[in-house]
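Chain lettering (A, B, C and D) follows the sequence in which the chains are written, and residue indices restart at 1 in each chain.
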Amino acid sequence: MADLQAIVDEIHEKLTPRLGEGKVADYIPQLAHVDPKKFGMAIVTVDGEMVKVGDADLPFSIQSISKVFTLTLALGKHGETTWNRVGREPSGSAFNSIVQLEHEEGKPRNPFINAGAIAVSDLVLAGHTPREAIGEIVRFVRYLADDDAIAIDPAVAKSEQATGYRNFALANFMRSFGKLDHPVEHVLGVYFHHCALAMTCMQLARSGLFLAASGSNPLTGHTVVSKQRARRINALMLTCGHYDGSGDFAYRVGLPGKSGVGGGILAVAPGRASVAVWSPGLNHNGNSLLGSLALEMLTARTGWSVFGL
Amino acid sequence: MADLQAIVDEIHEKLTPRLGEGKVADYIPQLAHVDPKKFGMAIVTVDGEMVKVGDADLPFSIQSISKVFTLTLALGKHGETTWNRVGREPSGSAFNSIVQLEHEEGKPRNPFINAGAIAVSDLVLAGHTPREAIGEIVRFVRYLADDDAIAIDPAVAKSEQATGYRNFALANFMRSFGKLDHPVEHVLGVYFHHCALAMTCMQLARSGLFLAASGSNPLTGHTVVSKQRARRINALMLTCGHYDGSGDFAYRVGLPGKSGVGGGILAVAPGRASVAVWSPGLNHNGNSLLGSLALEMLTARTGWSVFGL
Amino acid sequence: MADLQAIVDEIHEKLTPRLGEGKVADYIPQLAHVDPKKFGMAIVTVDGEMVKVGDADLPFSIQSISKVFTLTLALGKHGETTWNRVGREPSGSAFNSIVQLEHEEGKPRNPFINAGAIAVSDLVLAGHTPREAIGEIVRFVRYLADDDAIAIDPAVAKSEQATGYRNFALANFMRSFGKLDHPVEHVLGVYFHHCALAMTCMQLARSGLFLAASGSNPLTGHTVVSKQRARRINALMLTCGHYDGSGDFAYRVGLPGKSGVGGGILAVAPGRASVAVWSPGLNHNGNSLLGSLALEMLTARTGWSVFGL
Amino acid sequence: MADLQAIVDEIHEKLTPRLGEGKVADYIPQLAHVDPKKFGMAIVTVDGEMVKVGDADLPFSIQSISKVFTLTLALGKHGETTWNRVGREPSGSAFNSIVQLEHEEGKPRNPFINAGAIAVSDLVLAGHTPREAIGEIVRFVRYLADDDAIAIDPAVAKSEQATGYRNFALANFMRSFGKLDHPVEHVLGVYFHHCALAMTCMQLARSGLFLAASGSNPLTGHTVVSKQRARRINALMLTCGHYDGSGDFAYRVGLPGKSGVGGGILAVAPGRASVAVWSPGLNHNGNSLLGSLALEMLTARTGWSVFGL
């Protein structure tokens, strides 16, 4: 095994001149005002080694990365019947597209595009109040990361709620096909709140470790999901985790990963490590520009790609 | 390592009662008349072990599996500029859809849908005659499999040529956007012929071994591509190799793979083995029904999924 | 001029054996419970002649026919700038499709599909409260028909509001592109209420007479719109008034017309007459099956088609 | 009746400063090299009056205007079964779009978009050779215009044939759905040739006169089609004759019309006159910019709109 700290230091150094590249999400002020030159990276290996660099201990809005956690919760509650409500194929469209939703009668293509994550929020609700469901999600993420300091940023949640017309459109559209069980306002309440989770790279890397370690967190000893389910969530992250840039991410990085519009990416190297990176500037597909590059450099150096040495 | 022969024997035995399930491709007589109860499977490991079961030595029409080989050739000739002509994102549509081609001005989404493979045939031509390009492809596949007996079935090629209106539509459509360099008839001549390659499971498994072994064939010692390119081709197979069922295949099997409408699938377990399976009945996405199932059973038994143990 | 009463009597007689054909709209109970065998027809000529047959004095839910009146109001308020918010091309899609809305960044194709009528409701609001806007619409229709008995059916409006998820999706979608000036709830409040107008065939025929008479109602002497605007509204009704069956209606009937899912159709024979017909059973495009047929028989008998004798 | 000659003279005079506006079609050299400042207009009334202005006696490539004549021929041969192969709804897409063709399994939306006209060429062939079918079309147009000098420009036909990849795509696509009876090359041979008809405004106006006069040409006394069929062809021209600008043309001009990419428009004022106008510069929908404007001015002055005085 290479010296991981040396590797992340080198990545950080090489990217430093490029900090600020990409376009910071600006649809809500809370995201727009983030310093575009922030950069953090953290790795937690299945052996318990932890390395970090840059702003790895600064919380940022994880946004869509949270969809990995809500999917895990929904699968825990509903098992494979989850797939009656959401597919598991790459979408071939922008993250917030409503077109395919019409062709498939309100069933989203996968749980990581907005429509699919809204369907998952509906499944997480499962008869509870939004407050209860949101509480459950927060507790689950704290449990995964073994860190009770993790919390939702209420200003972000409120801003999303106030301006999320596209998501209201998606949810009402699904509702019109009978594909949501709860009121649109409740479902979106859950959705907007879990997307507003604020976490550091280190917290994020720890919370994704169970996916790298066959379903159990080696740091805490907690079994989260079965081996099979861990593999399957990884497969979904690889084929669908980067919207319409998923193929490119697989091609260049070669790891299951999930990006968020806040500039974070959670990547999983099965049997090896969980990695989180954060850099606010996005590429044209809405994924962190330098974050993707950092991960590409990481797998080139470590040979962690799932596709071969 | 488990006893591979025992595993494939068990898979064969378990699937025997289901032979004949699925729908055999019937758009040309040469495919329609195949016995739907044929089933073969072959594995070649990076250590040189070879196991097989059923009809593993019977040639069948590999159809779209050949697209892996022509892509490899095109990348050899054109390097990364290949991606100026074809994307690398899952398509989100049927294998022969023309819709996305219109939205993206004649640039196919990936090299494994029909339009993309036609673009790749154009790149393989590279100024040569169709006869020369077809000869080069056959020689390349023979070289990969180390078997000069491999040949094109001329009756299949002729039938495809005579009825391939949809492919003529796709090629002319791309030509209208200036996205083909050679005459449509030449490009499709190459395309129809490489799809008509007839190979056995064992030949196929051998020819894909370089992808499991970091770009070099351990049986012959030949270096085919760089490590990086082998990983990248695997990534493309995983995200795009099963048309609009690629996500499902990744979810259930967890290996890079490429299917053909003749019922074959080539799957790659990086660092482990190359696997070929053949069963003519197709599922609703046009992928071998029992072939997918056999591979799912294989990875469940061997732990070969790229997504974790 | 033929004897109009004899013609409508004959139409009624010929269609009587077929009453009940087609599919009654059933998405809200108020429409589902209508007697499918109802049939009414009324004609008011520019010379003031009025004929009627069947249930021509029974009120029914005019639904989308009301879009003609709100468009007229919006044009009165905003003139040609109305077309900054809504196009005037046939949609080529179902009445409630959201697909084209995405391709055209939230600008509906025309004012008679649902999305377009919602955009028109937003224009009618023009800073007023929903209550005021709804009041204005009702007063306008009463003025057109010269009948103060015309009213909105509150149960229909309430039902639409409670189940109109698709319309909430459309409105939020437009809002996400900045194409609505007022809150979604206000806009849809107006929309759902004007669609719930209950009118008789005779009232409807009278209210559309200004379109047949160069913009002025010859019965009341009121000038409603200019000659040019009357022509233009007629043009829109002809090209877009029957959703994805507009071409067929033009082909068979040859008159500008607007249908509603309640089974009504308002048709305009420029220079001749205004015609209203009602029969609840719908064809596959969502237009009244027998209503269309009645109008086809009418123009065949009268030579009123705008496309020639 | 106004003095028609004075009206067209005035239109010509008003448009003279704007000659050259719009974008001349440049996909083949024969169209690209046309003088963009040409302008001609001709009117033939049902009473036999003929007026003209500008370059009304200069032949130009009528292109898609010819689709009116081939549709008339196909209806003569196949009657209403014509509609089994082509719809009669506006397309909601660009003239050469292939998208809707996929959604509707190879059945074009209407006979005036490219795909639809190709389907009509297939119907006109009806078992004959392309040469025979082309001969029949030319004879038919000569008969309509009562002018044996009308001919096809072979250089235009040849150019279209050599570069018409999009049309080859459309035809092969329809063929793949079994929606063409003849070989693609034959069908397109007919299509490319009838689009290459060269006619003057005066010839064109005469050839369309039967549509203004209930199916019979009052100049020659020939009955071409029934009254009903004349009305129906007019209806199709109004709803579909200007591609994705048909609604706009109806709104502004108010006449059935068919445009060609050569800059010509044939418009029909039922019961009044047949009008042809030619100005090569096109608007963004591919319709003659000044030609549309000239017709708008004409109907404003004459009151010929079918939608009212």
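Operating definition for what follows: contacts are C-beta pairs under 8 Å (C-beta built on N, C-alpha and C of every residue); 3 or more make two chains touch, one makes a residue touch a chain.
This is a predicted model, so every value here is computed, not measured.
Computed from the mean C-alpha positions, the centre of subunit C lies at a distance of 32 Å from the centre of subunit D.
Averaging Cα coordinates per chain places subunit B and subunit C 55 Å apart. Once the centre of each chain is set as its mean CA position, subunit B and subunit D turn out to be 47 Å apart.
Multi-chain contact residues, meaning those touching two or more other chains, do not occur anywhere in subunit B.
In terms of inter-chain touching, the protein chains here make up one closed cycle, each touching precisely two others. Listed by chain label, the pairs that touch are A-B, A-C, B-D, C-D. Residues 87-93, 100, 109-110, 211-212, 214, 227-228, 230-232, 234-236, 238-240, 244-248, 250-251, 254, 256, 270-271, 300, 305-309 of subunit C are the ones touching subunit D in the complex.
Across the complex, subunit D is touched by residues 97-99, 101-102, 165-166, 168-173, 175-176, 184 of subunit B.
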